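As written, the chains take the letters A, B and C, and residue 1 is the first residue of each chain.
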Amino acid sequence: MPSGRFHKWVISGPPLAYLLIFFAIPTLIMVVASFRQPGPYGGLAPLLSGAQGSAGVALTAENYARFFTNFLYTELFLKSLWYALITTAGCLLLAYPLALLIARSPKSQRDLLVLLVILPFWSNFLIRVYAWIIILGPQSVFVGAFNWSIGLFGLGPVRLLYTPAAVVIGLIYVHLPFMVLPLYANLEKHDPALLDAAQDLGAGAWQRFWRVTFPLSLPGVYAGAALVFIPAFGIFAIPDLLGGTGGAMIGNIIKQQFLDSRDWPFGSVLSIVLTVVAIGLAGVAAWFARRVRQ
Amino acid sequence: MRRSGWLAAAAIAGYVFLYAPLAIVVAYSFNNSSMNAQWVGFTLDWYRKLFRNADMLTAARNSLVIGLVASAVSTVLGTMAGYAIYRYRLRLLPLLVLAPIAIPEILMGVSLLLFFVMINLTLGMLSITLAHIAFCIGFVAIVVRARLAGLDESLVEAARDLGATPWQAFKLVTLPLIMPGVVAGALMAFTLSIDDFVITFFTAGPDSRTLPLAIYTMVKITVTPEVNAVSTLLMLLTLVLIVVASKLSPGAMRGR
Amino acid sequence: MALLEIRNVIRRFGDFAAVDNVSLSIEAGEFFCLLGPSGCGKTTLLRMVAGFDAPDGGSIWLDGNDVTGIPPESRNVHTVFQSYALFPHMSVAQNIAFPLRMAKVPAQEVTRRVDEALEDVSLTGMSARYPNELSGGQRQRVAVARALVNRPALLLLDEPLAALDAKLKERMQLELIGLQKEVGITFVYVTHDQQEALALAHRIAVMNQGRIEQLDEPSKLYGFPRNRFVADFIGTCNILEAEVVREAGQRTRLNIAELGEVDALAGEATRPGQRGVLALRPEQVVIGTQLAPGPDENHFAGRVFDFLYLGDVTLYVVELANGTRIEAMLPNSAPGRAKFFEPGDAVQISWRYDAGRFLAD
């Protein structure tokens, strides 16, 4: 329908402008900042030096050099990567039965069941983390029961809070709905006749799952994995509240650089590397997913 | 379809896993004890203390104001974006709209911090609101776009055919039919804004605290059971909003 | 001067020409039909007349004005969509009132004209109902009423009866004919159903692959098809490959492969050696056990291969000596009929020479 380019720009203009200003430009600024010097009192040093005869732009790659040469940071990245991967796997294991059950329920119940999965997601993120502080805290009934039961095997009392395990539990808990939804969306579309056919041809329950349901659900698995992995990779609040000193992830260091040490250029470097790695891995996963999809 | 017993059991375990922690928080908000341990007795003390806590009330008020403004603006911009993405084959807009949702929140937080400092904007209510709008637009756009996709194109054509200008066709036909989606988007945006922690953390100034920030301080430092009370109330609010939103636009919640 | 003139209109999608240099003119008050198989371009053409699509070449003239670039809301043309496109959030009355509101008609007059329109389509009393409470036939009538209420110059109908079952379709066809006569508005009707087109239209444009094969009155299309496509598309027809042997006054002698020589009606300027087809309607083919052929008839012997009982007539497929099959139609209530023929029966068929028409390729 000929309704003109004018309409197109009038409608897409304002949101485009807003996001350019408040998203694209800040991101660009951060990229540039990663090449700048830290200011004397924190923050950023002036961009144009013009001092002492050396007129020019004060850009440097030393922040990046510092990142790549100092093994500490690489180690931290790998640790965060590892946590994010465990989280993704954990979410997959927990989410799959849920998604499968909902997908196979009668149509009228499905919307309600999905809503029940999503509701916790919509409660405040901190509350959900805080709940685990209670559960894993030293005075909690559950920790008591847990320690008592492993005590039966002669294992000593274990502190659950402020450990990497607590961080992972928190991560899984917070991101679980993100894995359930894409999986469910995929599983819902499966043709039940396929399973009937498989059964007809002699496949048992596990076989039907492993050879028919699971392969078909892979696109949903990848989508869910991406939705869990990327945020989990960059998170800081969960390690901050549940992890104590040992559980720090890359997000914590970024926060620390920006708000505590105020070394903004270096913080920017970390942020950029984080983004590149996260998006890069997501891209690889998507490439995999496309290959599997024939 | 027959559901195998173990599948049902595993799924139920999943639901328990999701809800038990929240149930515990709610339970302890009524617990007459300042330690989150044994159940002592029922009390509403913590709720009373909450309502007398000036800090909390200010934080709640701030959250509300920011939430209303951010959801209003992002609903308008998000509806425009959702419509534009649906209608025209754009490349830049979908990317810009969806990127804030796809990347880790901390990135938006720190980059906006840098941005605001560079343009010399004092960190405060305004900076928080601007930040919230940026990431809410995407959610509203997704919901609106999904709603538009379910709309019968020939209805708009019929309106134009019978004499309506493009604007009239939008106002009289498209808008009423996508309105449930728009409202659902607005409610989602409001909820996201009220609940946001990470981005607010970086873009807030010293005297512009929101509810999540206050909760953070309480959890990290002071840990009094008032936290349970405020959490329960917040959960209740969110529950109501989301149930209403999902009734209005059933597919919206699954759009992610 | 014609009400609607389509001049050399072209519409391409990539390399594919959906509408390939089409020209036609439609007179005021006509019930005009665009007929053709799916993909022939009839709907694309209709949408360009409505204004939803712009031609890549050529122009469209309405009432003497070039409307080619004008948007749909500014053209005095309304469409009845195949899916009816009734606004689900508006009542029947509000739906019908819509074009009147767009034309800024004062409120009282709106009510009056909506009631009139409802009467025109026999839906009085339904004004407060909503589309989802109506049956398919009722929705179709609301769609028609809505498109006619402010008396456009032209009404476009895009296969409006496609979704209805056979009995309802027949009734609606009669109603549409009556309605068109009553309001006197020019109808342009798109369909792939040739029976429907023959029944409804004053004139039909048969389209195929973006071009008009023939534009004529229904009886002329049926009786005098101009080429193989039209002969085959309209009604049932025997189509046999033929080559002209010679012309002799009114007759043309054709050589049909595997059949031998037959006489057919002379076409326009046929020359010996020309290739084409013989088009022969089954109802013109006489079938019987013993036929006495005259000099004006082509006569053959064969066996019944199969038949199709259609209630009022039976269509027999007769296989001739050398394998060629010809369809012959026999009314079941023909006087003096002895019996029905069964497969395997030896029969004879014949037809008058002027029942067969030669169509050059």
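Keep in mind that, in the parts below, contacts are C-beta pairs under 8 Å (C-beta built on N, C-alpha and C of every residue); 3 or more make two chains touch, one makes a residue touch a chain.
In this text, all values refer to a predicted model and were calculated from it rather than measured experimentally.
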Per Cα centroids, the chain farthest from chain A: C
Most central chain, Cα average position: B
Distance from chain B to chain A - Cα centre to Cα centre, in angstrom: 18
Centre-of-Cα separation between chain C and chain B, whole angstrom: 57
Intercentroid distance (Cα basis), chain C paired with chain A, Å: 61
Residues within chain B bordering two or more other chains: 157, 160, 166
Contacts with two or more other chains, residues of chain C listed in rising order: 52, 71-72
Residue numbers of chain A (touch at least two other chains): 1, 3
Of all residues in chain A, those that touch chain B in their complex: 1, 3, 7-8, 11-12, 14-16, 18-20, 22-27, 29-30, 33, 43-44, 94-95, 97-98, 100-102, 104-105, 111, 114-120, 122-135, 137, 139-141, 173, 176-178, 181-182, 184-185, 192, 205, 227, 230-231, 233-237, 240-241, 251, 254-255, 258-259, 264, 267-268, 271, 274-275, 278-279
Complex contacts: residues of chain B adjacent to chain C: 152, 154-155, 157-166, 168, 172-173, 176-177
List of chain B residues in touch with chain A within their complex: 1, 3-4, 7-8, 10-11, 13-15, 17-19, 21-22, 24-25, 28, 35-38, 77-78, 80-81, 83-85, 87-88, 90, 92-93, 96-97, 99-100, 102-108, 110-115, 117-118, 130-131, 133-134, 137, 141, 157, 160, 166, 191, 194-195, 197-198, 201-202, 211-212, 215-216, 219-220, 227, 231, 234-235, 238-239, 241-243, 246, 250, 253-254, 256
Residues of chain C defined as touching chain B within the complex: 50-52, 71-73, 77-79, 81, 83, 85-89, 98-99, 102-103, 146-147, 150
